[in-house]
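Here subunit A shows up in two complexes: once beside subunit B, once beside subunit C.
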Partner chain A sequence: MTKYVIKRIALMLPTLLGISFVVFALIRFAPGDPISLSVRGEGGNMSEQGGDRDALIKLRMSRYGLDKPIPVQYVQWLARMAGGLFRGDLGDSITEKRPVTEMIAERIGITIRLNAVSLLLTYLLAIPIGLVAAKNRYADPLRRAVFDTGSGVAVLIMYSIPAIVLGLMLIVVFSKGGELEGYLRVHHPDWLWVIMPVGGMHDDQADQLSTWAYLGDGVRHMILPVITLTVGSLAYMAKLSRTSLLENLRMDYVRTARAKGLRERTVVYVHAVRNSLLPMITVMAFILPALIGGSIIVETIFNLNGMGLLFYTAVIRRDYTMIEAISLIGAVLTLVAMLLADLLLAAVDPRVRYD
Partner chain B sequence: MGVAMHKSWRASDVVIVLLLGVLILIGYMQIQSSDRNYERLEKLIANLKAAPTTAALPRVPSETPGNAGGTVQAEANDKQGDWLVRHFTAEPRTLNPVTSTDYYSQMVHGYLFDTLIDVDPDTLEFKGKLAESWTISEDRLTITFKLRKGMVWSDGKPITTDDILFSYETIKNPEVDATRTLGYFKDVEHVKALDDLTVEFKFRKPYFKSFEVAGGGYMTIIPRHVYEFTDAEAFNAIRDKLVGSGPYVFESWEPGQQVVLKRNPLYYGRPYHFDKIVFKIVVDDTAAYQKCKAQEMDWMAMSAEKYVFAEDDKDFESHYKRLQYKTPYNGYSFIGYNQNNKLFQDRRLRLALTHLVPRERMKKDILYDLVDVVSGPFWMGSELVKVPIQADPAIEPWPFDPVKAVQLLTEAGWRDTDGDGVLDKDGKPLKFTLMMGQGAPTLLDIGSMVKEEMGRVGVKMELTQLEWSVFEERLNERKFEAVMLSWGGGSIEGDPYQIWHSDSIANRGSNFISFRNAEADRLIEAARVEFDRTKRNEIYHKFHRLLHEEQPYTFLFGRRSLAAVHRRFEDVRIHALGLDERDWWTPQGMRLYGQ
Partner chain C sequence: MTDRIAESAMDVPSAVVSRSPLALGMRRFRANKAAMASGAVLAAVFVACSCVYVYGLSEGRTWTVGQEEDSRVGQPHPWPPSWQHPFGTDTNGRDLLMRTLQGGAVSLFVGLISAAISVVIGTVYGAVAGQAGGAVDRWMMRVVDTLYGLPYILLVILILVYAEQSLIVLFVAIGCVMWLTMARIIRGQVLRLRQEEFVVAARALGAGPMAILLRHMVPNLLGPIVVCATLTVPVAILQESFLSFLGLGISAPLASWGTLASDGVQTLSPMVNYWWLLVFPCAMLALTLLALNFIGDGLRDAFDPKLISGKD
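Our next item is the complex of A and B:
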């Protein structure tokens, strides 16, 4: 086992090197570079400017070493990373001229908070939904139609709604200043609490609230984005949990348990459900990297300052250091999470052995 | 019993433990965020002590207006208060006063750093700001500004000509990333401080825009004692250290959320009425609109689509005034024809293509009737503009006229000899590709309409839409046939040199269609050294006429500014230069933001 872990960790290094080189080369082969984009302006409009911009661009390119051949730049970058990694230094952003770690630190909090809540909700809701659906798969036609087919259709609908549509719909319906608020104000004033803030992390004058009210304000701002984030993954996980349970219910050990005369409850909840959770552990390998991976759509429509927008703007502005740093962090987390999931699986499932 | 029972760890246990872990993580994050609350709590307690109210939002007027009588002074104080919340559609990269390049930072700097001279929003004449007076030498090469006495930076230190010298040295420093500014100053020979309040700009060549270059907003004037540096990289890395001379001072920048400015109590000039100016960063158009409906934003530039949509939105209309106006800064869109391509070297063909673009129909059907069809590169002015303008108002845009287009094409030798529906000449079909960048969805609609109309008379046009960086690269390498694009951010009096002079073709200059016309060059050069505005405009009228006849571009539309402004403000007027928030104020009782 120890040998296996060491082997896996040793394999990580070349994998990381490969990933970093591919990202490095890809982004540099893409047209445009951070310097000319910042000098000439971006996004649909050109403006009149005086002077020989090209000479100025060349000067700045050479200052950041961006005029050298790509392999040379890569080796230099590697050397810098090797030195900086342990000091937590991943270089300075080319467009903003400050440490990328600082910029990531500014953004990662909100992203982790949103994703953590969303993941928690996903698991807490998906497992029971899958359970109810699977349990009623072979029940009488009415129960089957309501619980299995019904939940299946609902889950399919949830899976099919694009986040941008759902998010905007939620904003238009539930936010301050919308139609619903006007209606509630007149007819059901005691229901006004369902009206949510439009976006951002806090109200403008939230800093004048008491600590608890301030926390409450933060939570209220998270509700709509969390729903938007959760709906898609919830649908996916519910499907997964249903399939997995169904598969286990057909297994021999379940038949054995039933034949032994165990109660159906014990058969399902003690035996089948536990084993059906195994694939959930494999899926957890994606949780760690997903925690820091923001969503551009959710962040844009709810005006949150998270990792998704950071990465997106970095790509649009061709901010090489930032793109490389985020990709590197993502790659490390993915590799670590995959290893962890494999080890957990071995711990839980006696059929899995690494020797 | 079950398979998993042999192990002490079970799948369900692992799932539960991990879920618990996530819960703990969330709890930790919440506590972390509440750390910031101690500060808030302290502030709250302080507020409560100051005002014996139990309200959660203590409203303590900081300046109670005196009841002494209706003097002008008292009235001015009475108008002071409330905030102005504006809209940013993206986050500025940096707020560095010298190296920043984006529109957002320029908007912020407009409140923080005053310029030597300013333009009157109604008469469009220059007037003093930091400068009290100025003289221009007979040969037009030397411009001397005299500063007002007693002005101070927002930290209390006096503003002197040495600071202007420092600002100039800073942009001239090759290590400083002042790429945006530097080009304008290439003909400046020197800047000299004659004494503490007198500064001289010496130019190498006479140029009608020299005065504007020296005194206008091209160079941000910054204090030496704050920004002086030895390491230019450290200066380039400054993001939010902002000490200026303007009516507001920098308060905070919360990334992704907002930039906040507060009143500068030491300001020398006429102050604004608002206590704070807030820029809210809201990227999504619909989210911004919704924020308006929640009355969380006071002034927002609107897309044409939202502008029209809001017309039927009673909630919106009850809180916001929608305004449309024209300013010289709106720019225009066009289709440009690459003159390096043999096809487009024939004037008759270019003219024919223009006659195939149904601009009036596009304006109504696609652009909500909120643009103006233009005939040239100059600002067409508006009812509010009283000074003579560069554009010749007598020039009418070419009409949509397929019959005339066919005549012109036949004249130029284009016929459909092989009967395939596409015109040809010397065995070559008349086809080309129109390149455009990614942007407004209307872009593609316009392109499609042009394609359809051209197709009808046998001109085969393809459309290609490219990501902005790729688009730019093609433009700079001149690797395109026709291009649809906009020029933005003009000025009251533009200089066509940058876009139309043959000198601007080389070195990836802005004359990317490689327009080369000796007469045009002559007119542009003559206008640059003509200091009489009326005579200069006569030259520009000729130039406008020349472009109209040559049609190197099919000029499309001049944009209008569309805005929503909260109804609680008084004195919201449209000037020749657009809106001026210096006028605005909120009556007591209507104010949304507290003291």
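Our next item is the complex of A and C:
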């Protein structure tokens, strides 16, 4: 077991190397570089003194070693990473001139909070939905239509609504200043609490609130983004949980359990459900990268200052160090999640063993 | 397996007719009402979108409201939905229904082409890895794992900043990151088929690896390929709409559901509420994706061997 873990961790290194190479190659060969883009952005008066501008670009390029051939830059970058990785130093952001790790540390909290809540909700809701659907699969037609077919259609609808559409619709309906707020103000003032704040994690004057009010404010800011982030993965997991439970209910061991005269409830909850949870562990490894991608969507729609938005702006400004750092952190998270999922599976399923 | 034999034996009335797995699957698919209805919806959307698109191209029409109607209504654009303009008009005075259909053609086109690219790459890659086996297979799958480790949306954004925003780059960018799942599925299927008796028999009779792949495996792979391709199209459309929303995908003269939605968002403000600019393109997008997913699920139910034997 220990040997297996060590081997897996050792295998991560070539994978990370490969990822860093792909990202490095892609971004360096892309047109535009951080220096020219930022110098051009620094104002019109520069353009009058064209010679100075070119000199400035050259100077700054050499300061960051960007004037060397790309393979040389890659090797240099790798050497710097190998040294800095253990000190938690991933280089300085080219556009902001601050340590990348510092900037990420400021932003990662929001992304982690969003994803953790979303992941938790996904599992907490998906398993019962799948359970109810699967249990009523062979029930009388009415129950089957309501619980199995009904939830199946609902899940597929949830699966088909793109996150951007859902996010935008939520903003249109529930944001301050929308039609709904105007309607509620006139007709149902006690329902005004459903209007959610949009943008940022807190109100501007939230600092002056009491602790509880501050927490409540934070929660209210997170409701719409979390819904947007969760609906897709929830639908996927609910589908998976239903199929998995149905598959298990058809197994011989379930027939044996029934033949022994166990109560149906024991058969389903103690025997089948526990086994049906196994694939949901494996899937966790694939949900995580999807959530990271999804937080780019949610953070841009709701204007939250998280990692997703940080990455997006870094790409637009060609901030090489930042792009590399975030890609690597995302890749490490994904690989660790895959390893954890495999280990967890081995821990709960005696059939899975790594020797 | 026995079910499949029994089933085909039962509905053979007099003469013995052999049916391919594809034909059997298609018959199971046709029995699925929700999937068939979705097929009809999708076909309608597709036909409407492409007709409007082709007509608009050939006539060079922009669907701008005529001047006489403009002066008759005497109101600045955008207009809310009405009988003349069921989706209303946009800020430039163009009919939003026509714009949405036109944009839909672009979205569907991107989805289909990108999915086709990813299916071709994924199938070839997966089949080669599965058929080669051994060290080649291990290394080829290591590459897939590496790319899996990258959140794919990062990859798309990275590829897109590469070139001028053109449709072809968009196809390739989306197609290039979506083939991974396809490659895994096809490899798994090829590995499974390699153990099957008919493949072993073919090999014993001296058939080469290419002949086995093309003659014996591809017909059995068609089911998974069709299913996976159908489920890839909605994902590709989603990617496109998101990238266009960010301003990285389709650019100005062209429109897609993503750019229409992002245009709709830009008009949002506490003062005015042009909801139709956002709601209709988004609704069309969601409807199309729903239909595609229903069809994909129906196809999977019809073709997945695990589900077939269980009669579910």
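One rule holds in what follows: the second predicted complex is superposed on the first by the 331 of 355 C-alpha atoms of A that agree within 3 Å, B and C clash if a C-alpha of one lies under 4 Å from a C-alpha of the other, contacts with A are read in each partner's own complex, and residues count from 1 in each chain.
Here, a residue touches a chain if its C-beta (ideal position, glycine included) is under 8 Å from a C-beta of that chain, and two chains touch if they have at least 3 such contacts.
These numbers come from a predicted model, not from an experiment.
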item	value
Partner chain in contact with A:Ile171 - subunit B first, subunit C second, else both or neither	both
Which of subunit B and subunit C A:Arg250 touches, first, second, both or neither	second
Touching partner for A:Thr2 - first (subunit B), second (subunit C), both, neither	neither
First (subunit B), second (subunit C), both or neither touched by A:Ala30	both
Contacts of A:Ser160 with subunit B and subunit C, given as first, second, both or neither	second
Contacts of A:Arg274 with subunit B and subunit C, given as first, second, both or neither	first
Partner, of subunit C and subunit B, that touches more residues belonging to subunit A	B
Contacts of A:Thr300 with subunit B and subunit C, given as first, second, both or neither	both
Intersection of subunit A interface sets (partners subunit B, subunit C)	30-32, 168, 171-172, 176-178, 300, 318
Subunit A residues touching subunit B - in the complex, by the definition given at the top	30-32, 36-54, 56-57, 59-60, 63, 92, 95-98, 106-107, 109, 112-113, 116-117, 119-120, 123-124, 127, 168, 171-172, 175-178, 182, 197-201, 204-205, 207-211, 213-215, 218, 253, 257, 270-271, 273-278, 280-281, 284, 300-306, 309, 313, 317-318, 344, 347-351
Touching residues on subunit A, where the partner in the complex is subunit C	14-16, 18-19, 22-23, 26-27, 29-32, 153, 156-157, 159-165, 168-169, 171-172, 176-179, 246-247, 250, 289-290, 292-293, 296-297, 300, 311-312, 315-316, 318, 323, 326-327, 330-331, 334-335
Contact set on subunit C toward subunit A in their complex	34, 142-143, 145-155, 157-159, 161-163, 234, 238, 241-242, 245-246, 258, 261, 264-265, 268-271, 273, 275, 278-279, 282, 285-286, 289-290, 292-294, 297, 306, 310, 312
Residues of subunit B defined as touching subunit A within the complex	1-4, 6-7, 9-12, 14-15, 18-19, 22-23, 25-26, 29-30, 32-34, 37, 40-41, 43-44, 47, 56-58, 90-91, 93-94, 101-102, 174-175, 177, 179-180, 182-184, 186, 233, 236-237, 239, 255-257, 278, 281-284, 286-287, 290-296, 315, 331, 437-440, 467-470, 472-473, 485-490, 494, 498-499, 507-508, 510, 593-594
